[in-house]
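First subunit A sits with subunit B, and in the next complex the same chain sits with subunit C.
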Partner chain A sequence: MASQKPAAPARTGFLSPAWLKSSGDGWTLLLMIALVCVVLVLISGQAQNNLTILQVAWQQNIQLLLDGLFIGAIFALAAYGLALVWGVMNVKNLCQGEYVIMGGYIAYYLYDIGIHPFVGLPVAIVFMFGFGWAIYVLVIRRVIDRDLFTSLLATFGIAIVLQQGLNLIFGPEVQTARSGLPTATVTLGGGAFTFAWIKLTAFLMCGALALAVVIFMKRSRMGQAIRATAQDARAARVMGIDTDRVYAFTYSLNAAICGAAGVLIAMIWVIQPFYGITHSIRSFVIVTAAGFGNLPGVITAGLGLGVAEQYSGFVLGADFQQATVVGMLLLVLIWRQIIENKHRRVVE
Partner chain B sequence: MLKHCSPATVLAAAAVAAIAAAPASAKVEGDTIVLGSALSETGKYSTNGIHAKNGYNIAIDLINKTGGVKVGGKSYKLRVIYYDDESTPARGAQLAERLIKQDGVKYMLGPYSSGLTKAIAPVTEKYRIPMVEAEGASRSLFTKGYKYLFAVLSTSEQYLASSIQLAAEIADKAGKKRKDVKIAMAFENDPFSLDVRAGVVADIKRLGMSIVIDDRLPRDLSDMTATLTKVRALKPDLLVVSGHSKGAATAGRQIKELKIATPMVAMTHCESSKLVSKFGAAVDGFLCPTQWAETLSYKGPYFGSAADFDKKFKATFSGYKTVPYQSAQAAAAVLVWKDAFERANSFDKEKVREAISSTEMTTFYGRIKFSKAGNNIAKPMVLRQIQDGKYVVVAPSKWASHKVQHPRKVQ
Partner chain C sequence: MIGDRIEKPVYVFLAVFGVIAPMVFPAYVQQIAMLWIMIVFALTWDTMGGQMGYNSLGNIFFFGAGMYIAAVCQIWPWYDVGEYTDPSGILNTSFTPDQYFLGLGLGVVLAALGSVVLAAIFGLIVFGLRGPYFAIGTLGLAIAAGELIGAWDWVGGGGGIRLPVFPSGTDADPLFRLPFGDLQSADLQGVFFYWTCFVLAVLTFLFLRWLYRTRFGLMLNAIRDDEAKAEALGVRTQLYKTVAWSISAFFLGISGALFGNIIGFMEPLEVAFPTVTFGIFMVLMALLGGKGTLWGPVIGATLFHIIKEVTWTHLLGWQWVVLGLLIVVTVVFFQQGIVGWLQEKRPEWFGIEVDRGTAGQRADAETADALEAARDAAGDVAGDAAR
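Up next, the complex of A and B:
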C-alpha cells in the first residue's frame, strides 16, 4: 500500500465551499444565473404570474424545496457513483441511468410478488454489484485503456441492450413500487404543504448510504487502494496494488450505488425501461459541475439540481424542468472556460 | 416473466409469411382476400399493438367461420399478413412499402398509434391503397387531404372535450358563472396529447371558462410535483391531464401523494396505466374518456352487443380482465372491410374505396360513418368515472349508466 500522501488538491467544483471562498468568480456565476432568470421572467408573463403565486401562497415554497431536496439526494447518490467511475477509471459510464432503472425494477419485481420494496435495497445492492462485476469483466476491462470514444460507445451500447432487455422482460408499461407509507399534511399560516414519509425515508437512506461509502473509502483497504489508483494508477501498480481488481470493484460499487438509487426512485417516482437516459444526464450534469474528487460538491450540486428542477417546473412550466438541467450545465461549462482562461500558464 | 415473444420468432414468422406470399398480386389468392398490416409487436407500443392484433384476429375468425365475405356470389375468407414495426415510424413506413410492393397487398389495416399511422399513410396514399385504421386518433391525420385513409375511432381532440362540457353542466347546476370555472391543464409535449389539448382549449373558449394553468409535460416524464403544487395553490375546479400511460401513472401517484383536492380530475389512459390496481381508492372519482366500453348499449350484426363482444373476447384470449377498447376498434375496422367488399361486390381497389367512404353501419363498437376526411363522425367519445374501483359511464347522458360523483372524494 502506498504511503498516505496528502490527498491531491481537490478539483474545484461548482458550489463546493472551495470556490465559494475563492475570489469573486463564484459571484460572477451567480450573477450570470440571476441575470438569465431575470431575463426569462421578463419575457414570460406566465412566469411572472407563477412568481406571484409563490409570494401569495408562500407555503408552496416549502413544498418545492422539500420535494427538490428529497429527490436531489437520490440524484446525488447516482452522481457520486459516476464520479467514482469517471475519476478512478476515466470511464464515462453512459449506462448509469440504466443501472438506476434496473435497481428500480428489482424493487418493482419484489413488490409485484408481494415483498416490501424496502427489501429491494439490499437485494439491489448485492445483485447490481454482481452485475457490475460481470459487465466489467465482459466489456469495460477491454475498453478501459482505449480512447475516450471507445468507452463512450461501449457503455452506450450496454445502455441500449439493457433498455431493450428490460422492455422484453417487464414490458413497456410505466411501473411503480408502493411503499405504503402515508403522506403528512402540514398546515401553516392558512396554507398547507405535504410531505410523503417515503421521500423523507429515502432521503435518510441516501444519507446513510453516502456515509457508508465515505467511511468505506477512508477506512477500508479497498477504499484506500481505490483512492491510490485514482491518484496515480501506475504508481499504485508499482506499489503492488492489483489495479484490475480495483477497477472491477469500483465499477461494481458504482452499479450497486445506482441500484440502491433506483430502488428509491421506484418508490418515489415511476420507472419505465427507457427512463434511464434522464438519470444519466442528471448524473453527468452533477459530476461535470462538481468535479470527481469532491463529495460535498456532488451532494450540493445534486440537491441544488433537485431544487432548481422543482422551481423551474413551477415558474417556467413543466417543459422547462429538464431544459433547466441542461441550461445549468451550459452555464457551468462557460464559467469554467472563463476561469481556465484566466489561469496563468507557463509558455512552453 | 417473459411476456412477449422474442423478436427472433417474430422475424422468422415474418420471413415465412413473406416467402409464402412472395408472388406479387396477393390481393386475392384463391378463396382468400389478403389484408396487410404493420403492427407493434415489440418496442414501446407492444402492449397495445398486441391488443390491436387480437382485435383484428377475433373479427377475422368470426367472419371466416360465419360464411366469409361474399363477393360476386362466391364466399371468400380473410387473411392478414402481419409485420412487426418495432414501434418505430421509419420501420412502419418500410414495412408498408414492402407489404404493397413485394407482397402485393391491396387492402390495409392500420398500425398502432398516431405516430405509426402518420408514417404509413403517405405510403398507402402514394400507391392508392385503401387503409382502414383503428388506432391512430390524431386530428392531424385528417387534415392532410388523404383519400385512402379511414378511421373507425373518434379523433383525439374529442378525448377530453366531454369533461369540459361536463364541468360546464355542473357549474350551471350549482349556479356558478361559467367564467369563474377555473381549469388547470397539463399535457405532454407530443402530437397526440397536443391534439387532445387543442380540443380542450377550443371547448373552454366556446363555453367561456378560464384556464389557470397550462403546463407542457416533457416526454421523459416521471415527475409533475411542480405542476401539482401550482394546482394546490390555485385551486382549479377541473384538472385535465394527458400524457399517455406514464402521464396517468405519474399524475395518479403524485395527486395521491400531494393530496391534491381538485373536485374534478380528468385524464386519458386510465386503464392502460392500470390506475385502479396501482393506486386503489386514491383514484376514485377520476374521469376517463374512452372510445368504447362494454357497458354501452351499442349493438350490431356480427358480434351482437358490446357486452357480447366483451364475453367472446375474454373467452378467446386468456389474461384479459377488461377488454381494451384498442381491441374492440380493431375488430370494428375488419367489419368495415367485410361490409365494403360486399357492397362494392368487387375487388377493384377504387370501387372498394368508394364503398368504404359510403359506409354507414351500426356495430357493437358504435355507429360508423366517415367524413370526407376519413374520420368516423357517427360515434362520440364516452366519459367514464372510476367509482369504487370500477369504470362506469357517466357522460354523455344518453348512454350513461351512472350519475357523476361530484366533487370526487379525496382520500
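Up next, the complex of A and C:
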C-alpha cells in the first residue's frame, strides 16, 4: 500500500527530544503553555512586580531553583511508587498523597514526643509497609480485576477516610518536623539566598531511597517477580509466581515509598491532613507525563514540576500554587490526548 | 411487570408528599428541600456515569459555576460587584422585593445557560479522555475552578459572597399573600426555595425519564457499551457526549443557583466547589441506588440523605470517616446498587426476560480455568486501553 505511513513511533516520555522534533503538536502545546503564562503575567500587576524582583535580585532564582529541585525529587519518589502500582497492578491509587501525609505525620508524632525525624524514616517505612498490606487485603484485592473506575473510587474513599482520620487525630493545623540542622545564608554578587542543610540532606536521602528501590527491582527475587507480573500476569502465574503476593508486595512497597517521601516532606516543608489530594495530583501529573517504567522521565518530570511550582508560587502568589498543580494536570491530560490523536491518525 | 403496576401509585405518593411536606413537617423544610437537590445531583450524575459510562468526579463544577453566575447576576444590575464583595463591607446594601426576584430569576436562567456553555467548551477538552483519565481530568477541573475563583478578588476571592437577603414579608407584595399565610421572612424563604427545589427535581426527573426512552437515550447506552463500535456505526459520539454533559450542567447550574440562595453565603472551596462532599455524594448516591437506572439515583439519594440527616450529628466529627467507609464498602461489595440488586434477584419485576438457555451454558463454562482466562484477557485489554 503506497499510502501507508511508517509505524507509529514507540511510546516516548516527557521532554523526549526525538519526540518533540517529530511533532508539531508538541510545539503547539508549548506555545499554548507559554501564552497562558504570558496572559496570567500581563493581567496581574503583582506578578509583574515579582518578575522584576527576579531580574534585579537574580539570586532569588537560585533559591527558587534549589527549592524546586529539592522538593521535586521527593515528588518524583512518590510518583515512582504510583508508577509501580499503576504499571504492575493497573490500579490508579488516588490515596497516594494520603500515604505521603501519613508518613509525614509519623515523623511529626515522633518529633513531638522527642525523637529525631531521621529515626522516623525507617519507622514510617515499616509502618506504612504494614499499612499498605492491610489495605491491600481489605480493599484492593477485591477491586483489582474490576473496572478501572472501581479502583479509582475505592481508593478515593480510602483517601477521604485517611484525611479525615488524620484531621481528627492531629487537628487541621499545618505542622512540620524540625530536624535541627543549620540554615546558612549565602551571599553572592551583592544579593543573598538561604540554604538549608536539611534540604540537601533530604535530597540525598531521597536519591539513596530511589537507588535502593531500583536495585531491589533489578536484583532481588521479588523485584524480578514484580517485573515479570507487570509484563504478563498470566505467564507469571504459569511460571509459578504467586501473583496475589506480588500485588500485595507491590502495593505495600508503594505505601512504604510514600511514607518515606512523607517523612522528607515533613522535614523540609509542611504537612496538613488535607494536603494529600495535591500530592496525589502531583504524582498523577508526573506519571501521566512520563509513562511507566521510565525512570529518567519520572525524575525529569518530578524535578520540573517542583521548579514550576516554586516559580508560579513566587511570581503569581502562593494562592496559585495549588492551581498550578491542577493546571499542569489538565495540560498533561490534553497533551496525552494530542499524542493519542496523532497515534490514531498514523494508524488510520 | 411490577414496574407498570406500582408506577402510578408511586408518582401519586411522591407528588402528595412533595406538596404537603412543608405543611406537615414545617421544621424540616430546609432538609426536605435539600433532599430534592440531592435527587437532582444523583440523577444528573447518572446521565453521565450510569447511562453513558463516563464517570465524572467533577460534575460539582457546574454546581459552583451556576452558584457564582447567579450571585453575580443578582448583584450586578444594582451594585458594583467588586465593591459589593469587598471584604471590608463598606457598601451598605439592600434589595427591594422587585430587585430581589428579578435578580434571582435572571440568575437562575443565566446559571443554567452559562453552565451549558461551559459544558460545551470543556467538553472539547475532557471528552477525549477515557475511563479513569476522564474521572481524574474532571476532578482536576473542579478543583482548579475552586482554586482560581478563590484567587479572583472581583467575586470576593476566598472570602466568598454574601447573597442578597430574602425580602421580609411585611412588604406589600402580592407574592406574600399567596398560600403561605403570615409567615416570618426566614420561614417564607424556606418555603419559597422548597417549592423551587421541588419543581426542579420533578422537572429533572420527568425530563430524564422522557430522554432515556428516546433514541438519544439509546445512543448514550451505545456509547457506554462500546464507544468505538458506536462510532464505527456512525453515532456522532462527541456530539452526544457533549449534549449529555450539557444536560447535566443545565440542571446542576440551576441547583447551584438555588442552593447558594438557600444558604445565603458562598465561598469557593466548601460551598461552591465541594469536590469531596457534594461532588462525591452524587457518585455515591447513584451507585447506592443503582447506576444506569432511572429510579436508582432517586432511591439512593433519598436513602443517603435520610441516613445522613439522622446520623450525621450523632457521629461527633467521625461522619466524614464514615462517609469514606461507606464509599469503599459500596464500591467494593455492593456496586450494583439497590435497583441493580433487585433486577438481579427479581428480573420479572422489571420485565427483563432471562434466557435460561444461555444461563445454563454459562454455568457449564464456569470452571475456574475459564474464569481465570477470561479475567486475564479482560485485564490485558483493560491494560492495553489504559496505556
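The criterion applied here is as follows: the second predicted complex is superposed on the first by the 309 of 348 C-alpha atoms of A that agree within 3 Å, B and C clash if a C-alpha of one lies under 4 Å from a C-alpha of the other, contacts with A are read in each partner's own complex, and residues count from 1 in each chain.
Heads up, the rule we're going with is that contacts are C-beta pairs under 8 Å (C-beta built on N, C-alpha and C of every residue); 3 or more make two chains touch, one makes a residue touch a chain.
Note that the structure is predicted; figures quoted are calculated from it, not measured.
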item	value
Contacts of A:Asp319 with subunit B and subunit C, given as first, second, both or neither	both
First, second, both or neither for A:Ile277, with subunit B first and subunit C second	both
First (subunit B), second (subunit C), both or neither touched by A:Leu168	both
Which of subunit B and subunit C A:Leu152 touches, first, second, both or neither	second
Which superposed partner A:Ala57 touches (first subunit B, second subunit C, both, neither)	first
Subunit C-contacting residues of subunit A that also contact subunit B	167-168, 277, 317, 319, 322
Subunit A residues within the subunit B interface of the complex	46, 50, 53-54, 56-57, 60, 63-64, 67, 71, 109, 167-176, 178, 183, 185, 191-192, 194, 196, 265, 269-272, 274-275, 277-278, 309-314, 317-319, 321-322
Subunit C residues within the subunit A interface of the complex	55, 57, 125-126, 128-129, 131-133, 135-137, 140-141, 143-144, 147-148, 150-151, 158, 276, 280, 283, 287, 317-318, 320-321, 323-328, 331-333, 335, 373, 375-376, 378-380, 382-383, 386-387
Subunit B residues touching subunit A - in the complex, by the definition given at the top	1-4, 6, 42-47, 186, 189, 214-218, 220-227, 229-230, 232-234, 245-246, 249-250, 253, 256-259, 272-274, 278
Subunit A residues within the subunit C interface of the complex	11, 90, 92, 94, 139, 142-143, 145-150, 152-154, 156-162, 164-165, 167-168, 233-234, 277, 281, 284, 288, 292, 317, 319-320, 322-323, 326-327, 329-330, 333-334, 336-337, 340-341
